[in-house]
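After this come two complexes, each holding subunit A, first together with subunit B and then together with subunit C.
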Partner chain A sequence: MTLTQTSRAALWFLAASVLLLVVIGASLSLGAVNISITEVLSWATGQSPDGSLSGRVLSGVRLPRTLAAVAVGAALAASGAALQGIQRTPVVDAHLMGISGAAGLGVAIGYTIAPTGASSQTAVLLGVVTGIGYGLLSRRFTAANSGSLVGVLVGIGAGLALMAWTGLFVLLVDSADVPTLSFFIFGSLSGASWALVAMAVPLVVASVAVLWWMGPGLDLLALGERASMQLGFDVRRRVPLALAAIGVAVGASVALGGVIGFVGLIVPLTIRPLLGSVNRLMIPASAIGGAIIVVAFDILARTLAAPIEIPIGLLTASVGGPVLVWLIRRETA
Partner chain B sequence: MSVLLEHSSMHRARPLVFAAALALVAAACTSGGSLSTGDQEGSFTGSDGVASSVSDTSRIVTLSGDLTEFVYELGAGSAVVATDITTVHPQEAALLPKVGIGRFLSTEAVLAQNPTLVIGDTQTGPQSAIDQIRAAGVPVVILDTSTTFSSMYAKIGQLGEILDAGAEAEALTDQLRRDVAEAGAVNPPSQESPSIAYVYTRGPDVMLLFGNDMVTNPVIAAAGARDAGALSGVNGSIPVTPEALIAAAPDIIVVPSEGLETLGGIDGLLGIPGIAQTPAGASGYILAYPEGDFLTLGPRVAESVAALTNDLRDLGVIP
Partner chain C sequence: MRLHTKNLSYVVGERSLVDGISLDMPSGTMTAIIGANGAGKSTLLHLLSGDIDPSNGSVWYDSEMVPAIPLRRRAQLRAVLDASREPDITFTVEQVVAMGRFPHRFDGHTRGDTDNEAIKEAMNDLDLARLRDRQVRSLSGGEQQRVAIARVLAQRSPIVLLDEPTTALDIGHQATVMAQIEGLRSKGHTVVAVLHDLNLATVFDNVVLLQDGSIVASGVPSEVLTSVALTLAYGHPIDVVAHPAHDGLLILPRTTPPPSHP
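Presenting the complex of A and B:
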């Protein structure tokens, strides 16, 4: 790596980190309760008077929600970057592969069977378990098609079926303990609680770290599975490990914010021209980029039509759908 | 013959969104709330089993129209700072800020009012929003969603406990018992009584048939009629299909006047598939009342009972 590339990457990470802090500040400040950025800063430095309305809103509602948005964005975008390496195509993410749909079904079941007082934990657990299970299973029916759009189409079909099953499940169970159908189709961060965040965020951090650690191996996959095996990458063990890590990240993110599409597609797509395809850079950069995008879209989701919230997935799909069309045309041209 | 009775004597309701109607789909509720004895003073255990410590009732947010009206009737109206959109009465309450729809609550919209007490019912949701408001240190008291007169009276008693207005609650309950009895039909509904289908409509795309566990159910019974929706086995509300309506075979159809207006009056309603094929459609026995009045099982319920009873008498279907 030349010096210019290194400094360019350093500059990118610096700028992205600043931007992330800015959107986090905006996310804490904006909402139905008027809280100025000065109040946010004095609260963050512990100078806010005890029991004040803004303090209670910040620590009880907006901080867990903002942390959830950061984690969801990081999980989806880092998973997207890793999946694109595994499938050897930029036209894929956890949503298109059906992993989000599978995790959604797990989360819905988790809320249904959860013992009293442990609904968040059970939902995260079941989301992660189904995410891993489906991630590993998907390997069976997409491995032969890696590098082509056929594998993605298989994933889309499976994802649509899983979403339909989740919908049927939610409507038939008809329980107040289970989030609404909209949560499992278009997502929402409005239910983010400390219980969810405490369970899901560490899982996201750990799984993104695993993906980052596997970065060089994922780079080799770009040469094809046979070639990368000859270069010493244990495809049979490492690819399932990566898919399991993706299952954990996506399962935790779906428990936090429901099924939100296209984040894993758009973010790596935007970053790759700037930083190149080296996964040791792409995966952390995608995590930061994804966090920025989801926090920003969540701000729009709860302010555009306040006090009514727009499902965040409607916003990401509004942008992501056209990008997908453009991407497929480019790939098949 | 086409009979259409609109009630100018009743207060005109603001148009409510469709979701507000869904908010009236009541779940069957068994557990009532109570001020637990032995606990610290001001601790109230709601229908969700959560004990809230109610010490300050100076800034109240109410999340359902009937709750707002009862709080006003019990003399605590001046403490109400915001309501949900189903509140249409009294006038000063209707002018207060709205925090959204009780069933699709936005945490921040409620907290922005800096309330010291939030009163909702079992229709209030989502649970995550209730949890977040509680986490912010604001007590949220959940009462039953009443769909019978007896649960309504019980709710008045609970509000009396919460607002420290026990005597007022008792007086209001006695008054309402008398008013409802006086306003209603002489004879209770029997096999020979006319059947009424309450069809909630906001236009041709939103048509719901109400049945058991709905606020309309006790009002129809008090007016000496049978509830066609309940008789055909509807619990809560179901989307109207022509078949369901024809099967329910109501003698009379009651609709919200706002919805009837949107449909373009009685001819528009009769144009909906299935309506004209019912006995009510054939005879033109269609009644309309503002939804904010007829769909609130609150302090003005005797007016709704009186309006329906009198119209049924005018139609000659009850003595």
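Presenting the complex of A and C:
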């Protein structure tokens, strides 16, 4: 007996949610100071003594970092799913399109020009603004090429240039207020503070919700832009709106965790064969899947070579690259 | 719903693709648009659907002028089967047919009883129930075309515009699609179809023969589908004869007869 699509989706969401809770628990528990799950649970239920070391580590360091990882993964993977719908190809994400690179430049500039005491907020704001700006600009270059690799190549070219400009900017400014070059190429969640989380996480939640709400319209794009218009989906207005939402999600995620590749590509590509392409399922499923992946990789990043922290993007690319090749080979076989 | 045009023109550069066309297509009628390649058939269909704005003249759905009708409402009033077929996508047959309900649902999210019924009926009508959960891209060209037609039927709009609905279909499914189109007429829909197969045009209420963007003949099939008019319009000798089996017409392009054996 085969499962109906609805029950398969329900089962998938249930399993993924449980897995997400497990990796969140592990992320709170593991690190320079190992805190047992019992301690994490008693802290979470408000039963641990005030001022204990583990309590301070959990609320001051681990919780904001874990929340940031959840938000970064959700933002990157949900944006990837939506971009794949807009570009009509399963092999594109915000990183390949250059949106992450643009947001990186914005975040670097934000930290440089920030007024005292508002560096996190300015970084998020500039990341989001450049993310939106580049997202809308990219439409001008790629609209005529949706469904072809030309759009992706334009994005890769622009993304590499933006990353180089960010690097030059960071080196020339040479300021202790600006994160290191590695943050803008391979990412890191080590700087995730409550100030960053408080501003960036609501932006991610809101933009992913907008993308989910637009899901059925994004589905129509698979029929082509003219057919979408014929069905009453105003492509000229709605696609820029979706790209702006992607810019917000990616901008906020880059401010939280720097530029991290492959998450937006691999997660939707893995989910598509299981749940199908309907975006009202794909977008939330990708958000949960992305959160699981980034939280899990962040645990590896800080524990594999402790006390040295491995940039998370190095890990996602090390594993994600070969997985991508395998998925594409399977897809085109 | 009555579909009519007044002095409709579409000019690109110096060239008129559609030139001064006035048509009246009342509810419950089927109109066939025929003509040689490049005669302006598809351009006319895109003007009727509002995909492109006319350079001159106007298109009306009852008393509403098309460019003024908001996109969503326009999609509730008319459905379009485009000449470009469903591309390489990873949606199932049922999901693509359900896309036809998009204009009737609040941003496509909630699916009510009417939606489910329209989707099911459209799939049954085009013999797709068995393929319901198959990926569209795994289907043959003809099956994909039936999916596209089912999506148009699921839209349940009073006006239905079809660009070559039967190309790529086997002869049995051509008959199925023609029966569906006649079913739409009997339910009061206004059907307009661009056709290459002139024998299908014989069962339409009205036939419009285009040449270089203008109407050269328009009226009931027996008036328009004449050997002289078709031969001129298509630039090739065409015979129109009485159908041997019923009182319709049979249209045949003249071919070089095979050498007769002594």
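Here, the second predicted complex is superposed on the first by the 319 of 333 C-alpha atoms of A that agree within 3 Å, B and C clash if a C-alpha of one lies under 4 Å from a C-alpha of the other, contacts with A are read in each partner's own complex, and residues count from 1 in each chain.
Methods note: a contact is a pair of C-beta atoms (placed from the backbone, for glycine too) under 8 Å apart; a residue touches a chain by one contact, two chains touch by 3 or more.
Keep in mind it's a predicted model, so treat the numbers as computed, not measured.
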Which of subunit B and subunit C A:G131 touches, first, second, both or neither: neither
Touching partner for A:S193 - first (subunit B), second (subunit C), both, neither: first
Subunit B versus subunit C as contact partner of A:G276, first or second or both or neither: second
Touched partner set for A:V57, first subunit B, second subunit C, both or neither: first
Touched partner set for A:G215, first subunit B, second subunit C, both or neither: second
Which of subunit B and subunit C A:G264 touches, first, second, both or neither: neither
First (subunit B), second (subunit C), both or neither touched by A:V33: first
Residues of subunit A touching subunit C in the complex: 5, 88, 90, 147, 213-217, 219-220, 222-224, 226-227, 229-234, 272, 276-278, 280
Of subunit B, residues touching subunit A in the complex: 99-100, 104, 106-109, 111-112, 114, 125-129, 131-132, 135-137
List of subunit C residues in touch with subunit A within their complex: 49, 51, 71-76, 79-80, 82, 84, 86-87, 89-92, 95-96, 99-100, 102-103, 105, 107-109, 133, 155
Of subunit A, residues touching subunit B in the complex: 31-34, 51, 53, 56-57, 60-61, 176-177, 179-180, 190-191, 193-194, 302, 306-309
